[in-house]
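In the two complexes below, chain A is the common chain; its partner is chain B in one and chain C in the other.
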Partner chain A sequence: MPAPTTAALVTRCQALFDDLSFGAAREWKAAAAGRRVVAYMPIYVPRELIHAAGMLPLGILGAGENLEVIHGDAYYQSYICRIPRSTLDLGITGRLDFVDGFLFPSICDVIRNLSGIWKILFPKVYVHYFDVPQNFDPEVGGVFYRQELQELREALARLAGRPITDDALRASFALYNQNRRLVRELYAFRAGAPWRAPASETYLVLRAGMVLPVEEHNQLLADYLAAARAEERPRRDNCRIVLNGVFCEQPPLSMIKAIEMSGCYIVDDDFMLVHRWLLEDLPVTGDPIAALSTAFLSGSTENGAKYQPRQELKGQYILEAVRANAAEGVIFAAPSFCDPALLERPMLEKVLDRVDVPHIGFKYAENSAQLQPVREQAGTFADSIKLWSTP
Partner chain B sequence: MTITAGIDVGTGCVKVALFETGGGTVRWLGRRVDRIRQRDPYALTAEAFDGVLKEAGLGRGDVAYTATTGDGESIAFATGHFYSMTTHARGAIHLDPTTRLVLDVGALHGRAIRTDARGKVLSYKMTSQCASGSGQFLENIARYLGIAQDEIGTLSLQGTAPEKVSSICAVLAETDVINMVSRGISAANILKGIHVSMAQRLAALVRGIGVLEGTVLVTGGLGLDAGLVAAIQEAGAEAQLPVQVRSHPDAIYAGAIGAALWGAFRHQKLAAQVAASPAAS
Partner chain C sequence: MTVKPASLRPQAPVREVVKEASMVKQKEMIARNYDLLTSTAEHGRKVASTFVPGNLNELIMCFDMLNNLPEINAIQNGMRKISGDYITEAEKRGHSEDVCTYVKADLGMIAKGNVSPNGKPLPRPDLLLLSYTGCFTFMKWFELLREEYKCPTVMLHVPYQGDGETTRNMRDYIVKQLKQEVIPALERVSGVKFDIDRLRGYLRESARAEDDLVWVLESAKQTPAPIDAYFGGVYYIGPIFTAFRGTPDATEYYRLLRAEIEERLRLGLGPITPEGDMKSQKYRLVVEGPPNWTSFREFWKMFYDDGAVVVASSYTKVGGTYDLGFRHDPDHPLESLADYCMGVYTNRNLPQRIDLLEKYMDEYQADGLLINSIKSCNSFSAGQLMIMREVEKRTGKPAAFIETDLVDPRYFSAANVKNRLESYFQMIDQKRGSAPSAA
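Right, the complex of A and B next:
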């Protein structure tokens, strides 16, 4: 059988992306009796715990641009972002009726409140507000987080109807370690040759990991990398940019394409950080809960939803992303009313201004249809970098 | 010497410009305008580009940088793409170095672009709301009146009592025109009225952007419409704008010219970066 092409792989990922009934996850559940699916929202949950219980972690990132929100507007005011409304619509219209549990991680007040609404609307679904530490002292945040993880482990074991053993956890660690390595490899490949792995494609490949079992996603990542390496594509004279702020509510896919078509190669981004939250492999020996806790406290990515106690380090991660990927500028794109992204932006801009890294910013919603302003801003930004920046 | 090409894919036309630059000189090698007329713009672009190259005795491999602009982002054989404001500013400076503001009036938009002497965009404003300030609207009206497009400007200049039309909504403006026809208003006065209406919107853009010196160059497809240019000049004089409004016989190529010249600039910059890189030493 010939190796799949990038086009074939991306077509499959696009079908998964377009499917708002989550057919792949439904099929997985129906394939064997007693299987359970646990949904989660951005930014991070320890998917290893769900996997080790024999259940499927299912990432929910709203409903995108193809679902008209009707019910969700009754629960949230107009000054709240769109992801909770469209997620509610997914639930109320029965598109998530196969989901047995739902984890709402600590990212902002809106998602926390959504966990409460979900509990009331869907009493048969196991709902868990997953809190994470904002204190990184192992004796304070570490103790707290280990308790949270243990509590979640026990709750998921009850839902699965079987214990989550240390060995099962370590086996899951190994699979997710492989997933993170492949994702890192994909980002490195794209940063090296962005014309061979456009962000509009890598986005879909990563997005597939929200609905596929990790074993299948690992294969998909490996296949895409192999196919992208084997295919030559024309290189354009585009500028290299880091895209920041897109970690929760997702922009329409056409917005990613519009940025690229405007003359920008996206060489780093913060899409679906759950894939990249832990920066290094989890150890497959020793206490797995302690390993997850230590990785979160001292080996996890930085983001607007995570507290940085040292002021001198605040925002350095954006500078590191620029330097490590030889980026020439930063595009801040944030969902309207997204507190974590929009409150973080001025602090990041300040860091970039200090070293003269150009940047622009705009807002979007997951159903933004007018992309001309994005084309205009990204296009003129790319031109200004290409023509007027000093190398 | 460096050969570069600029391809401006507009809503109504594809424009190609071929240049040779180097040693402080800039020389036209070829140019071509093709109306799209419901044809595939990408196939037409390739045909126009190859046609210009053939006339100049060149092949694609001779071109150091092929730059697209307008809606040409997806053209596979391009080296790079520049946004249309960037290219119109540079093209206008090439056509008239005293230009400090470009009025780019195309099939679907009008925009004012403030530029410096290098062709760097300093600020801009665009028409919004509706197509009533656009070439497509004017083209539709000409078709209703049974007038060829190249007659619009000449006829409009003959108008002595222009009739006022809506400057906000193309639908209302078209209703205005139907009423005028039934009232026996001459085509010259109808066209002049439309030009005055468009000119007032464009003059408001010039006023809004605050240009205080130099030339306002009208580019884009409507840069060749003498009636519109005259109406903008009159509107500018009425508004006491301290600038000269002009067009240029090659104004329709402004975007393609700018793309080709920025392509040459970018080619040089990239070559300098390669030469300065540690691997080159």
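Right, the complex of A and C next:
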């Protein structure tokens, strides 16, 4: 069989992306008796725990621009972001009726409160608000987190109807380590040659990882990387930017394309950080719960949803993203009414201003089709970067 | 200060004098605290800034430190109608129109000289005590303030009651943070060594005041209600929620207040409003959500003019749910601070919030639930429509929804709110199926 092309792989990812009934996950569940699916929202949950119980972790990122939200709007005021309402719509319309558990991670008060709504509306589903420590001392936050993980492990085991053994966890670690390595590789490849792996494609490849079993996603990542490496594509005179603020509610795919078409190569972003939350491999020996905890405390990514205890380090991550990827500017794109992104942004801007990294910012909604202003802003931004960087 | 029992004095002046006693007392306390805060250069006491939910006032006092609460400053500026300018200033400086207006009112205030209500500049805090309790914004707010002040910052992370309960693990985590992070930080900044017996003393004092506060809040179970548990309630919670919990002043304030309310009950009087005693009580409401501060008086008037009295509110529980039985406990000092933090209203999950409101509807014999949804507060607002549906469903009583903001005058539309309230009152009348009954 010939190796798949990027186009073929992206077509498959697009189909998964467009399927708001989650057919792939449904098929997975139906393929064997007793299978269970555990959904989760942004920003981070230890998917290894779900996987090790033989269950499918299913990432839910709202319904995007292709679902007309009918019920969700009755639950949310106009001044709350879109993702909880479209997610509720998915639930109320039965599109998530195969989901057995749902984890709502610590990210902001909207998702926090959505966990309570879910408990009320879907009493048969195992619903859990997944808290993570904002204290990063192993003896303080670490002890708390290990116990939380242990309790989650037990609850998931009950849901799965089988214990989650240390060995099963280590096997899951190995698979997710591979997944993270491949994602890192993909990001590095894109940063090196963004015209060969456009963000609109890498985005879809990552999105596929929200619905596919990790084993399949690993294969998909490897195939895409191989195909992208094998294909030559025209290089455009684009500037290189980091896209920040897109970690929860998703912009329409057309917005990503619009940014690229306006002359910006996206060389780093914070889409679906669950794939990149842990920065290093989890050890496959020793106590797995301790390993997850240590990785979270001292080896996880930084983001607006997290506390930075040290003032001198605040916001440095955006600068590192710029430097490590040889970016020339930052585009802050945040969902309207998004506390983590919008409260964080001025602090990140300050860090960039100190070293004269140019940036622009705008807001979006998952269903907003107003791309013209985005095109114009991104286009002007790209032009100004090119102008000023010309020797 | 001693106050003669009200029954020994002639009736008309008594009400006047008794009414004033607690109000005057609170006013004095607030003024004194602002005077202390704005004269640190003279007396040298250190200042901690912190939040109302998860306020550790007793602990702060153990280090001879003063407590400055940015939320309260924002409220003060809202009521004095200057928050709008501050918010505009913060937005000019790059803060999003979409985020919490308390934060922007605070940052704008700092940008414009950080002037306290007494006209003097507030000091730079010596410590930001980030009690991360019940609200995500708190975390970012103090990261933003840390950039301004470049002062030591210590985080107390209070886990959320996601599953509707507190666990041993959550409690241990908080206590450990208090021991290993918060107390050492307070010691370092103040130079005062921690004395747990001193803390016990303050906690003992707190519990006394808490008993009286609960009595006052629960007095609204009577008909007619002698208090308004929202518009009046925000004054009653003042001392306990802010820099006075654990002080003899607070105990005295609540003793006075309780005596006043006892007297009002005895005389069958309704709540005091800015325009005198409220006469008729046609509607008994439970209110969910914070009030609007920029048009506070106007907002309140819309209620008492139509005979609506608030008999219970959730906002008066953001600084502690004492009516659910919690008391600060000198025998378990750090544990009780942990329990206090975990129990505040916004740290409770949505089902718990619904249960509490349903209980209020029941126990306070309310005619309905009114939700004042705050535009920029996700902690309170996200999920309030669900709350409304559920409470309506469970109680069979009508609920209504209005939308305002805390301290951003742009989002208070008096005409809209008034219309909405009037149709709501009509709805209650209809539901009763008979002419409104005056209490």
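Here is the rule we go by: the second predicted complex is superposed on the first by the 388 of 391 C-alpha atoms of A that agree within 3 Å, B and C clash if a C-alpha of one lies under 4 Å from a C-alpha of the other, contacts with A are read in each partner's own complex, and residues count from 1 in each chain.
Definition applied: contacts are C-beta pairs under 8 Å (C-beta built on N, C-alpha and C of every residue); 3 or more make two chains touch, one makes a residue touch a chain.
On a predicted model such as this, the values are computed, not experimentally measured, just so you know.
Trainee: Putting chain B and chain C on the same copy of chain A, do they fit or clash?
Mentor: fit
Trainee: Tell me the contact category for A:Gly263 with respect to chain B and chain C: first, second, both or neither.
Mentor: first
Trainee: On the A-aligned overlay, A:Gly304 touches which partner chain: chain B = first, chain C = second, or both, or neither?
Mentor: second
Trainee: Contact-wise, after the overlay, does A:Arg35 reach chain B, chain C, both or neither (first, second, both, neither)?
Mentor: A:Arg35 contacts neither chain B nor chain C.
Trainee: Compare chain B and chain C by how many residues of chain A each one touches, and report the one with more.
Mentor: Answer, by number of touched residues of chain A: C.
Trainee: Scan A:Lys386 for contacts with chain B and chain C and give back first, second, both or neither.
Mentor: In the superposition, A:Lys386 contacts chain B only.
Trainee: Identify the partner contact of A:Arg26: answer first if only chain B is touched, second if only chain C is, both if each is, neither if none is.
Mentor: In the superposed model, A:Arg26 contacts neither chain B nor chain C.
Trainee: Would you sort A:Met347 into first (chain B), second (chain C), both or neither based on which partner it touches?
Mentor: The answer is second: A:Met347 touches chain C but not chain B.
Trainee: When the shared chain A is used to line up the two structures, what angle, as a multiple of 10 degrees, is there at the CA centre of chain A toward chain B and chain C?
Mentor: Superposed on A, the angle at chain A reads 100 degrees.
Trainee: Report the closest approach of chain B and chain C over their C-alpha atoms in the superposed model, as a whole number of Å.
Mentor: 19
Trainee: Inside the complex, what are the residues of chain B that reach chain A?
Mentor: Within the complex, chain B contacts chain A at residues 65, 73-74, 76-83, 85-86, 120-121, 262, 265-266, 269-270, 273, 276.
Trainee: Please output the residues of chain A touching chain B within their complex, sorted ascending.
Mentor: Going by the criterion above, the answer is residues 234, 236-238, 261-263, 375-376, 379-380, 382-383, 386-388, 391.
Trainee: Along chain C, where are the residues that touch chain A in the complex?
Mentor: Its residues touching chain A are 93-96, 98-100, 103, 130, 132, 135-137, 139-141, 143-144, 146-147, 150, 153, 155, 157, 159-160, 162-163, 167, 169-170, 172-173, 176-177, 180-181, 349-351, 353-354, 373, 375-376, 378-379, 381-386, 390, 403.
Trainee: For the complex, which residues does chain A have touching chain C?
Mentor: Per the stated touch rule, the residues are 74-77, 79-80, 84, 104, 106, 108-110, 112-117, 119-121, 128-131, 133-135, 137, 139-141, 143-144, 147-148, 151, 304, 307-309, 311, 314, 334, 336-340, 342-347, 349-350, 363.
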